[in-house]
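Here is the structure we will look at, set down as structure tokens.
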Amino acid sequence: MNKLVCAAAALALTVTVAEAATKVGMITTLSGGGAGLGIDVRDGFMLAIKQSGRDDIEVVIEDDQQKPDIAVQLSDKMIQSEKVDVLTGIIWSNLAMAVVPAATGQGVFYLSPNAGPSQLAGAGCSPLYFNVAWQNDNLHEAAGAWANQTGYQNSFILAPNYPAGKDALTGYKRMYEGGLAGELYTELGQTDYAAEIAQIRASGADSVFFFLPGGMGISFLKQYADSGVDLPVIGPAFSFDQGILQAVGAAALGVVNTSQWSKDIDNETNKAFVETFQAEYGRLPSLYASQGFDTANLLISALDKAEPADKEAFQAALEEADFSSTRGDFEFGPNHHPIQDIYAREVIQEGDVFTNKIIGVALEDHADAYAADCKM
Amino acid sequence: MSAVLVIEQVLNGLQAGVMLFLMAAGLTLIFGVMGLINLAHGSLYMVGAFAAAAVSAATGSFLLGLVSALAAAALAGAVVEMLVIRRLYASDHLDQVLATFALILIFSEGTRWLYGSFPLYLDIPAWLSGPTRLPGGILYPTYRLALIAVGLVVALGLWVLIERTRLGIRIRAGENDREMIAALGVDISRLYTLIFALGAALAGLAGALVGAIQSVQVGMGEPVLILAFVVIVIGGIGSIRGAFVGALLVGLTDTLGGIFLPELFKFFTDPATAQSVGASLASMSIYILMSLVLIWRPTGLFGARA
Amino acid sequence: MIPERFLNALLLGGLLGVALLADWRDEPFTITLATRATILAIAATGLNLALGLGGLVSLGHAVFFGLGGYAMGILAFHAQTYAPVELGPLAIEGTTSMPLIWVTAIAVSSLAALVIGLLSLRTSGVYFIMITLAFGQMFFYFAVSWSAYGGEDGLSIYVRNGFPGLNTLDPIQFFSLCFVLLCLVLVLWSRLARSPFGLALNAARQVPARVETVGLDPKRLKLAAFVLSGAITGLAGALFADLNRFVSPSMFSWQLSGELIVLVILGGVARLCGPVAGAMLFVALEHWLGGLTEFWHVWLGAILLLIVLFAKGGLVGLLSGRPASHD
Amino acid sequence: MTEPILETRGLTKRFGALVASDGVSIDLRPGEIHAVIGPNGAGKSTLIGQICGTVIPDEGSVHFQGHDVTDETVAARAGRGLGRTFQVSALAMEDTVLQNTLLGALSASSSPWRLWRSVLNDRDLVARADAALGRVGLSDRRATRCADLSHGQRRQLEVAVALTLSPRAFVMDEPMAGLGAEGSKALTAFLDGLRDKAPILLVEHDMDAVFALADRISVLAEGRILATGTVAEIRADPEVRTAYLGEDA
């Protein structure tokens, strides 16, 4: 795609843009146990739309109940009945795998505010699919890199026994150069980690890496803090996110986690985002909220240049990523996945509130490992 | 694998078992006396955890939280019994399954309506935090030891209640013969409400106790509910003793299976495969245990012979 | 009050009418909803055979639904990747032909139903409910950790499988296919209910001792019903996977087993069109309430509760004015 | 003496400390009605259970038409022509009288594994069921739901279902129970005519019926056979009078 075509397309479209409203379909999780993540993405997204002051963007929001079949049904509805131009919102990789290939196959753009399964970054990539958050492995890779920087030699690593869990451990090991004291797969949805903690205690490890999203992470951290095992812990941001950090409480203090976003990233966009989000919703924004916010701003930046109906032009506009991200520098790699810095954060207490503070950069301008497999 | 690790894992299994027993005892009592399958028992567990978290956060006292968990779950149980459950005693299991399934939906989404979608904070009190050194040099979390103690005390209390008190006599009579107990002049509907509230309170207590080391969130009751059903089915429905044995069996199988199965498979295959296959088999282990028990004894270990 | 025979015609006609109207008004999503209701009705009719006629409260019917789904997923996946399914010395080519997939789904789920039924029928009552639940959980956890076919993530099939002479990607054509299958399954169900087998099964549900003393084995009758039931639910699973072009372990989840029971009771246990009514109502509620409020589960729960407490015999019982034929 | 159709040899069954059957040997010969009487708890139900296959004896054996059927299932014994009626009616209450009768007919005449053809379209089957209903006098109620029948009619239906099997021997568990005087009389007359078709092992409390019908009587007490003999012999037996009739010798 060259600049000339792009400019021509943009010119051609200025004629029709006046009355054509863009329809965005958001399929996200708003009920059940995982609703917190979807609500954050939605709120971040809608905040950006509101701030843009644009009234030509219509967002249709539906609850997928964290069920793949419902998500597929909703995407069919949005594509066939609502005739949306752009889809977004899915939180979970398995739901994304159910929806995205079919959606892009039907010629609809998909902007992912959270899930980044490896298939969609590699062989299954699509020109219409953009990931605004991360490829699933990224934060785990950063954790591995940070472990090297800190000088850990003997990590104990654990994750749930499902594909994202396996990806997590693979991601960590991809960057991590030390030895492994142990490697465990736990049951999905497990709530008691006493047995695993006992194994960690007995393993002689010098550090622990874990990926346990949602309630699993809360349980693990509380039990770990109480166990008397005091090895340093490192994990991806998902278990230390603003939404659930309050439920973990003091048990999380001092834990290092890797994230592409933090509320103390020093740039104007981020400062304004944190402030306005708090003013609008009365709570601190989370990682997911920032991803929703960035996704909406990317969309708006592309809409300024092209119409989704002109697929090539719109794709080019999205590829430029010409928006100011809460993360600072942001650009897309050849497979439409972010190239970005990933930070190491530490959990701290500010008054009554538990939150994160950046302590360093784990990986700079990091892209994912699958880009080479992507042929678009 | 050292002896210390094995002992620690056995303690973990025990602790998981006694907490399961608190859930299963109420469930089996309600089934034994009223003949009711209560799928909403997990919701009462959740109610207990949420009440404890809310009150602990407001007052700063864990014990007050526990008391309010008991009270809130008992109250919720009594109200649900009077509004809905008592209309189901005469129905068949199918209607009970559907009605209490509907109650799960109402409880879960209702709680989310009240408390939002984010997990609540509930932590163990300072005086129970940290590990204790056991004989043999085993470091074990004090709170988990306390859980084991509480579970055993409640089990003993239940035994005394049922074997030694007037209420217990009525409960046992109710299990055997409803008409006889009505003939004795006992107000049967009050007795049923009481038993249901008792079962609910036990579930609420379990929710609050376990909530302190896990995540207090909507939907937390359902996995426990399934486990509790596995427990009472293994033990024999209606039998408190069966629930106790079943709970310990399930607790130990679940804990030890997760640890030893992958180790076992390492003798046969490479570590990665062993880890993965072992973990899969471990998550199926209690269900395999349950079907084996039922195939061997179709009414559970201590169930009445059909 | 409406005679049940007329009500059945009304229900099926209504379902067909909704889809045709939606096609005429170019609302493909409504057709998708109608297709979903149709497929769920097939699955629930399968369950209604075990549950309604045989009195077998299975909280594990998601096993067959899931097996049907995975039969489709695995065959289509191998067709997609041009690698045969390796079964020891045997190598089976993948396929995208619906009839072949259906046959496989039916075969696999009947086989599973035979084994599960043989073991589970040693128990009865609540124990039966729970042992079927246990089998469901085993399949669920197995599917979650079976990474060859996506594990928890599931399997996406990018193109709907084909049926000779039809364009299955056209919503109304796929709907028609499912609708015809539903009608066939309903005919089968009603023939079964009136056949000697149905008579014996019905008696085996009510008085097993009597059935034995006339020289029949009630367990064998129930087992046969369970296998047939599993086969039908398995077929529905294959269709459901094709509707979504996706399979995942959630098709094995106990919630899905619960939902199937809900469909049957909602519509009316042991009524020919009970599952159809149940599925239509359920899909409509899910869609309509879901659009109204984020907390729609509360209202769904309340409606279910009211139906159990005050409308014995389900929707069909309520409308036909004939209370529960049995409970 | 003709060969017995049904015979038990030394049946013994213990439930814990209780000996419910203590070496019970009893036989049923062609053409006779053999009544078994005894006080409550004497072990009559356990005996019937062992004969029909619902209770497995600890010792002893059951022979039917010359075959040792001790290890056979209820269904297998029924298949050999052992017709049973229940003390508490075991009928499909939601179904009609005809449907209940058809159940017996279909297992006797054809396979229950026919899945497609409507049972009501099978003329042979329906004729067979109707014949049985006719014999017990229930023809006019064939479309009535079983739950709506009177107690006496249910007893008649029990017999009708057994009849459809064309059994080689009947085992009847208190068929007169709960019938009024009229009903008992009618059923007594009916059973009287039935013995030529197949002999009946009759467990019954109604002494008028027993004395009117029985060719032989066995008295069961505490699991043991006290005496077996004709009506007159039993009436005269002092041991029986003490143990069962509660009279002073």
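Assorted remarks:
Should a chain be cited, it is by its letter among A, B, C and D, assigned in written order, with residues numbered from 1 in that chain.
One rule holds for everything that comes next: a residue touches a chain if its C-beta (ideal position, glycine included) is under 8 Å from a C-beta of that chain, and two chains touch if they have at least 3 such contacts.
Here the structure is a predicted model, which is why all the values come from computation and not from measurement.
Of all chains in the assembly, those touching chain A and also chain B are C.
If each chain is reduced to the average of its C-alpha atoms, the one that sits nearest the average of all protein C-alpha atoms is C.
Judged by contacting C-beta pairs, the busier of the interfaces C-D and A-C is C-D. The mean-CA centres of chain A and chain D are about 75 angstrom from one another, to the nearest whole unit. Between chain B and chain D the centroid-to-centroid distance comes to 49 Å (mean Cα coordinates, whole Å). Between the CA-based centres of chain C and chain D the separation comes to 43 Å, rounded to the whole angstrom. The distance from the centre of chain A to the centre of chain C, each centre being the mean of the chain's C-alpha atoms, comes to 36 Å. For chain C, the set of residues that touch two or more other chains comprises 141, 144-145, 147, 295-297.
Looking at chain B, one finds that residues 108-109, 112, 276, 279-280, 283 touch two or more other chains. In chain A, the positions touching at least two other chains are 31, 161, 166, 187-188.
Of all possible chain pairings, those that touch are A-B, A-C, B-C, C-D. Chain B contributes residues 31, 37, 84, 87-88, 91-95, 97-99, 101-106, 108-110, 112-113, 226, 229-230, 233, 237, 276, 279-280, 283-284, 287-288, 290-291, 294-295, 298-300, 303, 306 to its touches with chain C in the complex. Across the interface of their complex, chain C is touched by residues 52-54, 73-76, 78-79, 83-84, 86, 90-95, 99-100, 102-104, 106-108, 110-120, 122, 125, 161, 164-165 of chain D. For chain A in complex with chain B, the residues that touch the partner chain are 31-33, 35-36, 39, 161, 166, 183-189, 191-192, 194-196, 198-199, 201-202, 214-216, 218-219, 222-223, 226-228, 243-244, 246-251. Within the complex formed with chain D, the chain C residues making contact are 191-192, 194-200, 202-203, 206-207, 209-217, 221, 224, 325-326. Across the complex, chain B meets chain A through its residues 1-2, 4-5, 8-9, 12-13, 15-16, 108-109, 112, 116-121, 123-124, 129-131, 139, 141, 143-144, 210, 212-220, 223-224, 255-256, 258-259, 262, 271, 275-276, 279-280, 282-283.
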